[in-house]
Amino acid sequence: MRKGKKVISAALAGCLTAGMFLSGCGDGGNDGKTEIEILQYKPEAAKYFDSVEEEFNKTHDDIHLTIDSPNDASTIMRTRFIREDYPDIIGIGGDINYSYYVDAGILADISDFEGIADVKQAYLDIGEALKIVPTDGTYILPYVANAAGVLYNKNIFEEHGWEIPTTWEELIALCDDIEAAGLQPFYFGFKDTWTCLAPWNSMAVDLAPADVCKQVNRGETTFSKEYGEVSEKYLELLEYGPEDPFAYNYNDACTAFARGESVMYPIGSYAVPQILSVNPDMNIDSFVMPANSDASKNTLNSGIDLGFAVTADCKNKEAAYEVLEFLYEDENIQKYIDDQNAIPCKEGDFDLAPMLDGMQEFIQSGNMTDYQDHYYPSEMAVDAQIQTFLINQDVDAFLKKFDKDWQRYNRDTIRKVQEYEEEQGNAE
Amino acid sequence: MKAKVKEKTNWPVMILLILGLITVAFPLYMTIVIALKQPSEMTNSIAGILSLPKSFSLSNFKEAMEVTDFWNSLKNSLLISVITVVLSIVVHSLMGYAVGRNKAHSKFYKFVYMFVVSGMFVPFAILMMPLAKQTAEMGLGNWVGVIILYVVFYMPMNVLLYSGYLTNIPIALEEAARVDGASTWKTYWKVIFPIMKPMHATVAVLTALAVWNDVMTPLVIMAGTGQNTLPLAQLNFQTQFGTNYNLAFASYLLALIPIVIFYIICQKQILNGVVNGAVK
Amino acid sequence: MRNMNERKRTYLLITIPILALFICFNTVPLIRGFIYSFTNFKGFGDYDWVGFRNYVDLFQDPRVGKSYLFTFKLAIVATIVTNVISLILALGLNGKIKGKSFFRGAYFIPNVLGALVVGYIFNYFFTYILPGMAKMAGIDSLSGSMLSDTKTAWIAIVIVCAWQAIAMNTIIYISGLQTVPEDVYEAGSLDGATGWKKFKHLTFPLIIPFFTINMVLCVKNFLMVFDQIMALTKGGPAQSTESISYLIYNNGMSGGQFGFQSANAVIFFIVIVAISVAQMQISGRKEEQL
């Protein structure tokens, strides 16, 4: 036995030395410049970030910037975190991973960064709300947002003189009109489960409290109470889609909508490039999903699509701020928006893409609410649960399971929230 | 090779093989047609997808090569695959030999055999995080590390293959060499290694194929080195919100060529190195 | 005696370093993963020790139970289908035919096409082409997409898995058939053995080691099925095709359940090893009998 151990440790030592021997080459000298590395998660914007990187390095002598836009960035980010090889700045979305990162202490407080003052309040609030328990400090600089609602074929709408609906009743009436005209109102690509979340999110913001997940975590309400109406209305919507929506994937649905097989397509603005690749001449616009019967209660479903966070490990925060400042210049944001049809998170006058025309009013007035699924842990697979529900059409079973699973998958989070609540209670 | 007496072709088998070929030809046809089309020609109708492209142009291939930085990625993929295959043949055949010749009568080797082969069933997902950390600590977060990991990952399968093949090679062959006074080591290289040629070719094909298509290992281990293999570069074509199938298919067709050529070469070796007649 | 020692030493000198390498990059990380299975580690940041909570949860989680049932159903059916077809194919390709190289090359292609291509083409096939053909032929039961029905989606996955795996199994069978000495056949034909009889009594017993290899590889590949699930259904419809590896990867790596899914992986590992050891023992005994 002892001999065996010796052999193993000798072998391990052998492996280690071999490893060190092989890793001779490290990174070369950097001319005394401060190195700043950004790892951002949107590979579709790689071209934009390459040009930013080039521009920045041309104009700055003391800092050398590298921007990585890898595919499957989430895996790469996790790999690097586990290696404790943190980039200086990470570009991430405002979703539950951001919440976890804040909670894990990976990110640095950037509330002393001047650019924070220029961020639209709505997006700062979203960043704040995503924290598992309230803490001091700002951890993300919201860069751009996306929006989800309903995309529609503008030409067909104009041909028939149809108007953008502002209440649920108007939407249903419109769908009936479309069917009466011999057309199909919606297309769905529910074979890809994540697409089930698009209509869900945009209806839930109109019908359920924005902080429903946090309320549940505090034990104040249940999803059975809050999501009932959303679920019922989702089933109604399903009637106006293709016969077997679970047969088609996201790509099929984009192609079908681009080919005019449906008049509307409830999805986010991110789908526009894919649709245009099939039909470059298509005239697409969008409107806010009017799930509520009270038009004033309808709100735009919009969240932080890309924000920048400085890691706690970053050696030179000033240099990182300088990079953030550069990224946050109006000119650069405008370039990003033009490139990606995004919505800026910064105050100011920007030219928005034409397919966002129908949502302008909401964007200008800041009437928007974050995606509900940004609070769902991905392992709970709410998207797949919604797909299951849409197939079985059993609202009660769906919501009961939702409540039960929520408790299980969020056990540690709920414990943290309740500990915090107790502390607050004691302090008062 | 046996002296080729004119063999009669077995026509019923031929016909069945040709019919079976449809299952290969049809997907391949679809791949080629899509690789030649433009995104604007994509539809959801059957006739539309099976039709020939409006105009014949290799522009997709050209663009795919640019997007993936083809020659560079190809070089990396080839480097990793070739070294892995060579190391696998040497290391795994030795291990297969040592284990295969002894597992019947030695408890230790029986255990080693089971231990190594069971390594096949470790889900990669559980190893991924610890390995990412470990390779980084050892300074192996690069292509060298990827190769070492491949040699370890495919060891179970290849040891299984080699030791299985050895059961069909009579010990008498080695004994004869030993009587002549050759050491075990020498006997192995002179007698056993050459006789396992068909298995070397099989191992080469299977290992090369697995390495050639693998995304996860280089993704996790080489993250941040700025080096790409072909499958890594091909990830460029798909994001959650949009996939350019036309470019992707062109790129996959390009990546398919080297491995098919390699397979055809190995295939000849599998056939030629027959043990027929050499024994008994 | 000196000779025996020399042999033993050589075998050990070969085995020990290679085994050390294996332990270093397979066993050690596996043990590290095993340790994580007692934590609530998310894959980053801090974690707490939770004792056996993950294991207790595992046995109470219906989703995990369902994934085991699905995976085993798939693996058993796909293993049988693949082995039968590839054995026939190997015999055919080894037989007296013209254009051997061409056929062998062609039948190899399914194995090389990347997951994205396979996914796209078979999605298209099951969503549009097969229902289209069924409608023309008037077969109602196939007029919907196989992938959107919880009852048939797994069959579609079996088809694609087998389609891809047959190439590899055939290669192994072909290399096995090369070890069958011609004189066995010659002796056999003198006795008047033909066709099925010849296969059953002469060929098959000689390629049993390769049959074992293929069974083990098939069971392994299909129990760990992941790529085909990602390409075809991503676990749907209605979570009916979530394989064990799919859960481990998706929830452990992409989601925040690294600790829990490590526990799942550990149990899964033990289960497959047990099955494979049993499988090898059985066929090992058969080999000895012959």
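Brief remarks on what is shown
By written order: A, B and C. Residues from 1 in each chain.
Everything that follows uses one rule, which is that contacts are C-beta pairs under 8 Å (C-beta built on N, C-alpha and C of every residue); 3 or more make two chains touch, one makes a residue touch a chain.
A quick note: this is a predicted structure, and the numbers were derived from the prediction, not measured.
Put simply, the chain farthest from chain B by mean CA position is A.
For the pairs A-B and A-C, the larger set of C-beta contacts lies at A-C. With centres set at the average Cα position, the gap from chain B to chain C is 15 Å.
Chain B has its Cα centroid 38 Å from the Cα centroid of chain A. Measuring from the averaged C-alpha position of chain A to that of chain C gives a distance of 36 Å. Residues of chain B found to touch two or more other chains are 44, 128-129, 133, 238, 243, 245.
For chain C, residues touching at least two other chains, in rising order: 19, 21, 24-25, 28, 43, 253. Each of residues 15, 75, 78, 82, 252 in chain A touches at least two other chains. The touching residues of chain A, when paired with chain B in their complex, are 15-16, 18-20, 22-23, 43-44, 68, 70-72, 75-76, 78-80, 82-83, 85, 194, 251-252, 254-256, 259, 261, 270-271, 273-274, 277-280. Those residues of chain C that touch chain A in the shared complex are 16-17, 19-21, 23-25, 28, 40, 42-46, 48, 57, 123, 127, 144-145, 147-148, 150, 233-239, 250-251, 253-257. Across the complex, chain C is touched by residues 7-8, 10-12, 14-15, 74-75, 78, 81-82, 96-97, 100-101, 103-106, 191-193, 244, 246-249, 252, 377-379, 381, 384-385, 387-388, 391-392, 408, 412 of chain A.
Across the complex, chain C meets chain B through its residues 3, 6-7, 10-11, 14-15, 18-19, 21-22, 24-30, 32-33, 36, 43, 89, 92-93, 95-98, 101, 103-118, 120-122, 124-125, 128-129, 132, 163, 168, 171-172, 174-176, 178-179, 181-183, 206, 209-210, 212-213, 216-217, 220, 223-224, 244-245, 248-249, 252-253, 258, 261-262, 265-266, 268-269, 272-273, 276-277, 280, 287. Contacts from chain B toward chain A in the complex involve residues 39-40, 42-44, 128-129, 132-133, 135-142, 144-145, 219-220, 223-224, 232, 235-236, 238-245.
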